[in-house]
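One structure below.
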Amino acid sequence: MNAFLPVLILMTSLLPAGVIFFIPQASHTLRNTINIGAAVAKLALVAWMLLAVAGGASYESVLPLAPGLVLLLRVDALALLFISLSATLWLLTTIYAIFYLGNKAELSRFFGFFSLCVAATTGLALSGSLISFFLFFELLTLSTWPLVAHKQDQASLAAARQYLMFALPASASLLWAIIWLESYTGPVLFTDPPDLSGIEPWKLRTIFALFIAGVGAKAALVPLHGWLPSAMAAPAPVSALLHAVAVVKAGAFGVVRVVFDVFGASDMQALGVDVPLALLASFTILWGSWRALDQGEVKKRLAFSTVSQVSYIVLGAALAGPLAMVGALAHLVHQGLMKITLFFCAGIYDERAGVKKIEGLNGLGQAMPWTSVCFSLGALGMIGLPPLAGFVSKVYLGLGAIEVGAPWVVAVLIASTLLNAAYFLPLVYRLWFLPLGEGVEVSAQAESGAIGLIAPAVVTAAASLGVGLLAASAVSPLGWASLIVARGYLE
Amino acid sequence: MNGLDILALSASALVGLGIYGLLAARHLLRRVLAFNLVGSGLFLWFGAAGARGGVGVDPIPQALIITGIVVALAASALGVALVVAHARLSGPTLPEEAPCDPEPDNRA
Amino acid sequence: MSALAPIVIGDVWPFALLVWPLLIGLVAALPGGARWALRLLPLAPLPALGFALAGAPGAVLLPDLILGTSLEAGRGGPLFIGMTALVWAMAGLHVALTFERGARNGIFAGFWCLTLAGNLGVFLAQDIASFYVAFAAVSLAAWFLVVHDRTPEALYAGRIYIILAIIGEASLLAGLLIGAQAAESFAIAEVRSALAGAPLGGLAAGLLMAGFGIKAGLVPLHIWLPLAHPAAPVPGSAVLSGAIVKAGLIGVLAFIPAGGFPALANAVVILGLVGAFGAALWGLTQNNPKAVLAYSTISQMGVMLALSMTAAASMVPFYALHHGLAKGALFLLVGVFLAATSARQRIVVLVAMGAIGLSVAGLPFTGGAIVKAAAKAEAPAWLALAISASGVTTSAVLGWLLVSLAAKPAKPAESARVWPILLAGPLMLGLAAWALPHAVAPMLGAPDWAYFTKAAALAEVGLPVLVGGLIAAVLMRKPLPSAPTGDLIALLPAISRPRFGRLTAAWQSAARSFRGLLIINSRRSAKAAQSGEAALLRWPLAGALLTATTLLLAWSLARA
Amino acid sequence: MTPLIWLVIAPLLGALAVLVVPARRMPAVALGAAAATLGAALALAAQVAGLGPRTVLLGGWTPPLGIVLKADGLGTAFAVMAALVMSGVALAARHELAPDKAGARAAYGFWPLMLLVWAALNTVFVSRDLFNLYVGLELLSLAAVALVALAGSREALAAAMRYLLFALTGSLLYLAGVVLTYSAHGTLDMAMLLARVPATGDGVALGLMTAGLMAKTALFPFHVWLPPAHAAAPAPASAMLSALVPKASLVILLRVWFEAMPDAAGDAALLVMAGLGAVAVIWGGVQALVQRKIKLVIAYSTVAQLGYFIIAFPLTGGDSAVKPWSAGAWTGMVFLALSHGLAKSAMFLVAGIWYSACGAQELRDLKGLARALPMSAFAFALAAVTLAGLPPSGGFTGKYLMMQAAFVAGLWPFALVMVAGGLLAAAYLYRPLAALFAKDEAISCAPVSRVRQAVPLALAAAAIILGVLSAEPFSFIKIGKPDAAVEGL
């Protein structure tokens, strides 16, 4: 049973993916049933495992491929953090996507790749060895491409192309790093960090840089972030997936794995690569926020905001102190909840009111109160307004920074907070305080009948409030992150 | 100079001539012929090799040469057939090597 | 598992009094609940008032909430909470009586309650997380009170307010983080004691001071205050000036150990005194009565901030009690005055304001005089002197308030029926300002009214009032030329979003040209590639290469 | 008779049989022969997996007089791969080369030639005699040239002519090497050559054979014949030409270097070879990137992929003993070749479907085909994953092992080449994929049966499965692995 569980949880999304591809376009009920059924099953499985893992259990499946290629799936606390996020958001995004896409073309292809993408994310989270991480990392790249290009118009194809132009060289870099490192150490298992003592420091530094470049493109670290803003050409559920559930999260998760389970915090510090990484992350945080100020399109602004916010996780990993790590891991979940709320809402504005530009948001608060409340909550949470989720992450990151003797990071956090406020508050202000734009017709029933779109947004918005409000409880993401770090540091 | 040397020298000459023809000739039929020259040279040499050690004649090279000749014959036949077919459509030289083939189409 | 641990440890009251206003606020969010919520506003602070009157007993621990919430009335807690609750209750009454039906009433009511909860929360929080949450609530939610009227002035004031509030929040967060890390605890008391010895402690204290100073109107961070008060609706100004600014004060008292940072303390004392005198003087140039009152608030807060950096810090809550009540009353009375329909009513209001003003100025035997005497008794002599002297400017500015108010044209009669009830609220506050210090003084061991029976003391506090009154009388004849409200902000360039367009543009053009380079090169290299392939296709070259490769291989192998 | 014999005889008999039956029965007879050969290959694989390498002495004669056929892991794996590809090709050709579509001559000529190619391939895979290999290789080349010429067009004939010239020259060089070897050692059997007393001429002989085989494998700079030839042939023919024919000379190259004369190998020659391989990877990739025709993109991709196989030569050795977790470059390269065969044939078959059903020849014609023919587009995408070396395909697994070996051998620049080659592959395969995925409502395609679309999908999927379930194939390939491959050259 124990060896079977990780595979089972992977299969909850992999099997539906295989099936959905072959469902005829018109069979909505069948497709939706499989989609939601699988998502619910996965969520239930994850919930059950959360209890078990909290009690100290861990599950492991090994599938040996060729020599050196060990496909190891392992459920530990860190993996579960990521999986529970992705499983929850998968269910919500699926519901949202079903209503968002309605009866548009190529639904089976869309949902097939959608499930595949989630399967890749799950596998990535479960990966217990470097090479299995890489396998799922690539699977993720490939399965996301058709989603980004889903609309099949010029802009989508260009965005998808740009995505690959960043993702594939990055994968090459990652592969290079993995093979280089493993040529010294043999296969790297995350449970058993490799002994790096015999390797020359410059080589290790280069390998580290290659690793970071590899996962950094997905995490949208500057200057590898260019694909993310263009990828907003994709349908809203895909953006939600990219920004909150799967892709950038996979990158950030990868940084965490590399720092803690491949190099180890102390080795990283001994090599002197922690500060450059922290600087890079800080620069990304500021640059992303900076560029967000200038964006006239809602989704683009959100995209640059993601560039900035995801680097909080990288920053936390770079600082490598226990508190910073707690903050980073909590932010992994927090950012997901808040950002998916924002993208859900941006999609609703687009779909229901035809609003893409920020000027279009003027006065929508009255016409679309539910959406706008959710959007505002997400935006305020991103700024770090207490007691929303973003605040909790910032506190722990800041504490962690000071703890490891990097108080300048606090200045970065503060600057980022101010910039976040500068690009999010005008949106909130427009929603609630400005009159509807000239010639904009938004029906008073803009939200009626959109319950399938609004409900997921309400859930995630409430969750981003809830996880902040109850951050100190053991079952919150923060509590879970503390558990992870406590276990990691006790080992 | 014994017989073997003569054989070796002739073989070398054949191979050398053949290689020259193969490289320098533009006409495809010449190239096929040049191939046969090189092939013959090699078979000659192979045959000479069968006389090694001076203890009688090694039968294996002879068997192999015969097989080789059959193969070369087949190859030549195919080559010639191709040359003919090619020449009918576009002349007796390869398109990229025919700078001023006057009227390739009229030959067909 | 810890999930099964108790959710609430201790008395539920400190928590309940915060939840109660939030519940009323939620009523406002219900469909059609806005009208109900407005009427319920006066009830929102009542549990807090009862709590304060009962001496603010009990403490509560909510381990799961935020980062672990601990609530207890700390130093000066009952005074702060009682004053705040009273001011909010009377202001809420004013709202309930005066607000007409409007689309935004629901928003106003909801955020009113949120602000109130935050305002009470800062006095109760014993851990930095809940303190910060409460502080953010009181700071940011109050923005809705400022901009409620949506006039251009209100929106401008709101913009300045929100920018400063967010900057304040941010610097507060930074300071708190450093403090919490130094203390390795979220408890405010431990943060406070750890700050002095901590690395970067000075920075943290400075950041905290800046954050609290913005809220408390410390010069030069006060600029939002004279803009926001006149722009807000009357009850909004009343709670802003009476109660909300005290959130900054409690922050200073709770977090900054003055003894640990002498330079910071000195700076704050100097800035506080600059505010105490300068703001009052600037107030004399204002024509809008609410702006005048706002400057008076800055002036009084300057005194309190200066006091909190000295041994007299323990008397600051006492001082704040009086100021909050009096200032709340004065602001509400401005509204009452403007609503007055007859000359008689106007005179009644002016008299009431005068009486309260005299208390603020420190007329002997008033509550104001008691709190000043209490403060001076603990303060160093030079500060005591300065406080006495500030009586001059205070009475002058309040005198000027009456003058400028009297000059306002009367309004036609509208809602005369509720006017007496409207008046009752601020009068009650004023009475409390006069009387409560007398009642509280013995508990604090402060001088009581008997203190003023000595001639010297009488003169010391009476004289400045007299001089100030005379100045006001002179100004009645010869007003000062009016100066811009918001003083320092007029000196700043207009605040707009900074555009570093050049940097962005440079980045984009670099990216473009890089892309262009790739395309050009790809075309060229495509051609080169094709011509290379065409060359290899020629048999003579190919044959030669084949020969050469054969020779190379044979040679290199033969060597081995 | 053992499956080993049937492996060679069945396609040969089939080739003869199709010539004597009426034209309309040809496909059925050919399919029967294909089934028999596939069965023989699978049976042989089962035997080899269970019992180790199988040997047959033809006519009971022992070397040096007789000829020995020996099936080891390497040869059998290739034979199985070839059987899969060939069966797929035969199924596809039933439609593609129906007389009404391809013309009577092509329809007539294809079946015997195809079976001849197969017979030649199997001969090469199991032969251990240098001259026997020569004969097999010649048979293969001549049949392949004929296949290229099958279309009869001007381009096809020119391409076939060019191919023939390179093939013949390669044969001569190889033959010269064989002659030198025989004159020095008096035997052409590999096992005996391994045990020979090294002679001075060995290096030259090896060099000549290598050069000849490189010309036949279409290694840079002798690759120029390949793209036009593969592009000119009918799609099923291209599939086997690209997927299988170069593998035959590759297998001979492997056998000569690792099983016959490992001692003659030298570092300089290895580096020359691998250097050419590296250039091939890059050159082929760049060429594929600038092509307009889909078949040329695929053909140049073969040029690039062939480079990887040659790169592996200097990287071998030191694997299991030094790094117990690594299977080494030799195994990796074989793996790469196997998955390349499967994926490449899938690609050509798909291109054939597109051409015959939709008239799509150029990349820009592919617009909208993903919607019109989703299964074939998916097959192409899967094959692209393999060719770009992306996980979880067999292409990735092979490349991974080779890169690892490059680091272990201290020759990391070759790993860099492999990474760059992978990126180039992604780039040039992206162009058709993006075109496929683009929207075009005006596209009109003749209906294509599911079976026909399923064949390439199955082949591409097999290449992926090879990566997902790689442990068994790996241990299989290692059966009878030459010592030189373990120890390095």
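Each chain carries a letter (A, B, C and D) given by its place in the written order, and its residues are counted from 1.
One rule holds for everything that comes next: contacts are C-beta pairs under 8 Å (C-beta built on N, C-alpha and C of every residue); 3 or more make two chains touch, one makes a residue touch a chain.
Note that the structure is a prediction, hence the values are computed from the model and not measured.
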- Item | Fewest hops from chain A to chain B - one hop per pair of touching chains | 2
- Query: Which chain pair shares more contacting C-beta pairs: B-C, or C-D?
  - Reply: C-D
- Task: Would you kindly tell me how far, in whole Å, the mean C-alpha position of chain C lies from that of chain B?
- Result: 100
- Query: How many angstrom lie between the CA centroids of chain C and chain D, rounded to a whole number?
  - Reply: 77
- Geometric centre distance via CA averages, chain D-chain B, whole Å: 27
- Query: Between chain A and chain C, what is the gap in Å from one C-alpha centre to the other?
  - Reply: 36
- Overlap residues in chain B, where contacts from two or more other chains coincide: 22, 31, 94
- Query: For chain C, what residues touch not just one other chain but two or more?
  - Reply: 537, 539, 543
- Task: At least two other chains touched by the same residue of chain A: list those residues.
- Result: none
- Item | Touch relationships between chains, expressed as pairs | A-C, A-D, B-C, B-D, C-D
- In the complex, chain C residues that touch chain A: 1-3, 63-69, 107, 129, 132-133, 136, 140, 147, 150, 155, 162, 166-167, 169-171, 173-174, 177-178, 180-182, 200, 203, 497, 499-501, 504, 511
- Mind listing the chain A positions that touch chain D in their complex? 64-69, 106, 109, 131, 134-135, 138-139, 141-142, 146, 149, 152-153, 157, 160-161, 164, 168-169, 171-172, 175-176, 179-180, 182-183, 186-187
- Note on the structure: Listed in rising order, the residues of chain C that touch chain D in the complex are 525-526, 529-530, 532-533, 536-537, 539, 542-543, 545-546, 549-550, 552-560
- For the chain B and chain C complex, residues of the former touching the latter: 19, 22-24, 31, 94, 96-97
- chain B touches which residues of chain C in the complex? 534, 537-540, 543-544, 547
